[in-house]
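To start, I am sharing the structure in question, which I have written as structure tokens.
When the chains are written out, they are named A, B, C and D in that same order, and each has its own residue count from 1.
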Amino acid sequence: MRAYLQPAIFGATGYSGYELARLLTRHPAAKKPLLLRRNDESGGCNDLSEAYPQLAGNGGFPLETFSWERMKSAGVDVMFFATPHEFSRELVPEAVSQGFRVIDLSGAWRLKHSANREVYGFAAANDACDEAAVYGMPELHADEIWDATLVANPGCYPTSVILALAPWMRAGLVDLDHGIICDSKSGVSGAGKQPTPKTHFVEVDGDFSAYSVFGHRHTGEMLEQLGVDSGSLQFTPHLLPIPRGILSTIYVKLAQPASAAELEQVLREFYAGKPWVRLFGAARLPQIKFSLHTNYCDIGFSLSPDGKRAVLVSCLDNLLKGAAGQAVQNMNLMFGCNEKEGLQ
Amino acid sequence: MRAYLQPAIFGATGYSGYELARLLTRHPAAKKPLLLRRNDESGGCNDLSEAYPQLAGNGGFPLETFSWERMKSAGVDVMFFATPHEFSRELVPEAVSQGFRVIDLSGAWRLKHSANREVYGFAAANDACDEAAVYGMPELHADEIWDATLVANPGCYPTSVILALAPWMRAGLVDLDHGIICDSKSGVSGAGKQPTPKTHFVEVDGDFSAYSVFGHRHTGEMLEQLGVDSGSLQFTPHLLPIPRGILSTIYVKLAQPASAAELEQVLREFYAGKPWVRLFGAARLPQIKFSLHTNYCDIGFSLSPDGKRAVLVSCLDNLLKGAAGQAVQNMNLMFGCNEKEGLQ
Amino acid sequence: MRAYLQPAIFGATGYSGYELARLLTRHPAAKKPLLLRRNDESGGCNDLSEAYPQLAGNGGFPLETFSWERMKSAGVDVMFFATPHEFSRELVPEAVSQGFRVIDLSGAWRLKHSANREVYGFAAANDACDEAAVYGMPELHADEIWDATLVANPGCYPTSVILALAPWMRAGLVDLDHGIICDSKSGVSGAGKQPTPKTHFVEVDGDFSAYSVFGHRHTGEMLEQLGVDSGSLQFTPHLLPIPRGILSTIYVKLAQPASAAELEQVLREFYAGKPWVRLFGAARLPQIKFSLHTNYCDIGFSLSPDGKRAVLVSCLDNLLKGAAGQAVQNMNLMFGCNEKEGLQ
Amino acid sequence: MRAYLQPAIFGATGYSGYELARLLTRHPAAKKPLLLRRNDESGGCNDLSEAYPQLAGNGGFPLETFSWERMKSAGVDVMFFATPHEFSRELVPEAVSQGFRVIDLSGAWRLKHSANREVYGFAAANDACDEAAVYGMPELHADEIWDATLVANPGCYPTSVILALAPWMRAGLVDLDHGIICDSKSGVSGAGKQPTPKTHFVEVDGDFSAYSVFGHRHTGEMLEQLGVDSGSLQFTPHLLPIPRGILSTIYVKLAQPASAAELEQVLREFYAGKPWVRLFGAARLPQIKFSLHTNYCDIGFSLSPDGKRAVLVSCLDNLLKGAAGQAVQNMNLMFGCNEKEGLQ
């Protein structure tokens, strides 16, 4: 009989961390997660339900001060980092060397090429961890995730873009020379819980804007995972006046004219047996609302009348399939659970 | 022939200050306002259009460092303070003693009774200014405003409550022993431009909450202006997930049963010739949207079938009739302009 | 060993009906519900996932044409009506006479006094059903619900008002002669799925309004359940620019001055062992967001400094505790399940 | 001395028509517009302020039954059609033959090529009017507008796309063989005032979706005005959960690498002396909010580090520069007024 997993979470007070705490608390194969306070955290709360009163009535969610002793005495099996990448970059290597398996939701370990990592400005190199880290996208890397020590949970934007493009690109259907355009739109929780002028209600409500054009740091993940260079894929993020959700509109020229049925077939085969991707085919496109509060990435497309160009549309909940949900999906793979467990 | 007024504004980068700058810039009797930077202001901008790019294309809006010399050389006629009350409390007395006429949008000078002022915790008393200050609600105090040196511009909530209640109360129609209940709802700009957890888009959107029950500092204004004590009027503010606008639902027991026609008549007589109050009578109630981006306070009511109880509903734009618009209305009265000038 | 329940739902395409279908589908003690199409329904869909693509990936949700034969051959144990009250008024009596247990989410059977029922304008009297119907508020009527044949599921506004007021009123703490004021605010899904000018996004967004003052048909439920007459309780609903959730601000004069601790104690005792009411006491008030997507009714209050008046604040999700969630809670009681089953 | 213009408006109860009525009412060179009721209009109002109570306090806005006699006796100079294109297609030719100058806000007369007009499915051909109609984009066609009899006011999406692209395309800077991608996002008022499932608040709020991919009928305008074929320009509209505003993100490959300064210079020269286009250059991109409630089209861009690709961003208020504002701008040109008159 399977033993229960003991997870621990750094950063549960943030939006992704809260979702993670919520998911793990009701995960049938996991004990209640340990919630760890960073030493440098100020103004924090003693119980997660102070910051999120919606948790009331479900027992206590105490935040504890972190120490390696505590991790060991509690028998922690897996440590989740829902923290700034600088923090992950510092503490994760020690966690690994102490023998813990780690799922990191930050951008600290996602990029394989040091040139791509430059946008993050990491203080120090860490070749061992950079190399060991597995990009935690179960639909693409399940065979590496199951026994990984360090899983780099993908970014929210890259999840929506890579899952949409991977099937056709691997099948050679996309004209890479022409270049791919990814026009993505995200809700405000993607900007984090810290109040800033950019997340002020009065500024955001009724507005819409593009940002970081030609310079968003999630671009590197897309290039590496899809195996193209920066001349072949262009990514533009926008800020939607909604709390959560991402929709990516992706423009491709096909290597040669195709029918909608052929294109849909390639998607269906690629995602056969993958429970967390839903295909909308060519008949109806996904909308952000369909995927909210779920771990699904929804994918659909439209084909030009001449069959030469296609527009892929993919949607997901940036806090779930784009963060905490995918992290739990990775945990499931790492510990032999069913991929859907705790996510329905 | 009338000379053009020269206004100056402290605090133009805030939401009310910006509206004030916008209104004064196109006011037919005023020169472009001087925009003054507080010495303690950090991280500020050099031109207001940096903070509010919607101003682009309308010439420069430079922010200047404040000095009394500059005030005088520029021939400033009236100084507007759209600043925290602590700042007003400090600088306004000097402005007055230097001979400037002042319209202060903060809560610094609104309260006549020192007991009511306690909620603001002012560091020092200032009897002269407290006494000289005129409560700048033109519909009630036009006869004092025209030659006032210091006008205390009313709070947004009090404007919506006092304008709704004053006619019936002055006519003795309200049962004061029974007590009045003011249930008010405001958009987020009322909380100011400073980003805080309470103004974060993700927290506010889709939510609604009551706050400062039995303890909001605008209550004192209502009590003083309506001439009742705290046992007779109860005020509860709520936060609406919209950028601007206030709706107050006000519950009164009538001193004796009345007809809707009588009640409407009292309102119509009271507001005859007052251009910035619109009466909706008993047929249709005002909604926030009707008054947005205008200087109107809209007032309507419903009467119980037995004629014993009434519900008043009043709406206004908290940044206009609740702040900058009413300030310009006061300026108009102080300098002999038509009350509507620059506000249409 | 317990057999699985077979529920059937009329009206699953509406907002409450959809939530009901969703809840029952994953209810551990229930089989997948039969979804019934009304004969008069036009333009409908064949599968609920056509109207709610968020259901995709969870099997089929076919809509069937209704017949009593089908009800019997399928072994239906309980019929849910999430339909207009006229429809319920017509079909429910036959369902009862055919031996089915019924939970009706409409207003058809909630009111005991024929005078209160007049607002609904029912075509015909039905004394037997009017008498037999049990008001399905488990926190007040569990002892009647368990063996009821016909449960009238409470209205969304009444649930938020009655649950907040019942404990203090039953304890004689409220001055009824003074009168109670219930100022309630609801999200737009309360207005139903039918597109109207009042639910058009452009009309609602950024707006806020009162409606049906002194005339909302939910008032009768509050009066009957709390045992007061219309002179003692006044109800004003408002439309919030959010999709779902209700907050009621309730003003009471206490029969005699009390302390917050005493008042809180009465609430705690009343709701001891009631899993779907959460008390926020006097320290922090509930907000709409805390109860969204849950079956909780959250209740808190503030007391005036002199201990004479109190403001109760209650929040709930109008589609769950205010409709479908409470219906499932009633089903749990009727069929011997734990009250929390299928609602977490 | 200039005589005052007498405008008349068909369709003032719609969103664009209302804005038009509002603008013309305060236009310094125009008399109050006649508001015309279509004969087939049912359930209408007698005064525009019934549908738009925000107009209250500004005199009456009576809706009149249309007749040619009334047009002539009132001395109408210009007829605005803010009506469905079928209606315009039917009545405009008669208006022209009766000697009236017409500005039509519908899609009835915008397209020169009959193949492009097919998407509208017009019942009958009308070569004379199709030929005579001038595309009313003042920044491109001022020389034809001034003496036009029939002005086809541009669509909202095409205005945002054409104004952004025209300068670089006319200067030969864009690689047309590569193809241009226009990813546009619009607020809900673009879908009109008629309530539908697609404009229901509960459906739209918190959601975001693409629609009419490869098939939106505004595409033809873009192709004709920019002089390209459908293989060279791809347009994808999306629905934003905001009431008004459009942002277009436009992807171009440059014919040869350029510097930001060169590109900005071309824009500046093209729009020199054009008051209703604001250039944001390469430093800061426009956001929807900056242009709301104004007649500006705001344009900015970002250039890829290698200077080979650019992303143009343009914003406007779909009801003003995208409809009623541009219509007034056209009227100004047609009757010798300053282009800015009545629009500030």
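Heads up, the rule we're going with is that a residue touches a chain if its C-beta (ideal position, glycine included) is under 8 Å from a C-beta of that chain, and two chains touch if they have at least 3 such contacts.
Just so it is clear, the model here is predicted, and its values are computed rather than measured.
K.L.:
Pick out whichever of the two, B-C or A-B, is joined by more C-beta pairs in contact.
P.N.:
B-C
K.L.:
Counting only C-alpha atoms to place each centre, which chain is farthest from chain B?
P.N.:
It is A whose centre lies farthest from that of chain B.
K.L.:
Per the centroid of Cα atoms for each chain, what is the distance between chain B and chain D, given in Å?
P.N.:
Their C-alpha centroids are separated by 37 Å.
K.L.:
Please tell me the distance, in whole Å, between the geometric centres of chain B and chain C computed from their C-alpha atoms.
P.N.:
Here chain B and chain C have centroids separated by 40 Å.
K.L.:
Express in whole angstrom the distance between the two chain centres, defined as the mean CA positions of chain A and chain B.
P.N.:
46
K.L.:
Multi-chain contacts only, two chains or more: what residues does chain C have there?
P.N.:
Touching at least two other chains: 205-206, 241-243, 286-287, 289, 292.
K.L.:
Mind listing the chain A positions that touch chain B in their complex?
P.N.:
15, 188-189, 193, 195-197, 199-202, 204-206, 241-244
K.L.:
Using the touch definition from the top, list the residues of chain B that touch chain C in their complex.
P.N.:
Those in contact with chain C are residues 178-179, 181, 183, 185, 203, 205-211, 213-214, 231, 234, 236, 238, 240-243, 245, 247, 249, 251, 253, 285, 287-289, 292, 302-306, 309, 311, 313.
K.L.:
Give the list of chain C residues in touch with chain A in this complex.
P.N.:
26, 53-54, 56-57, 205-206, 275, 278, 280, 284, 286-287, 289-294, 296, 298, 344
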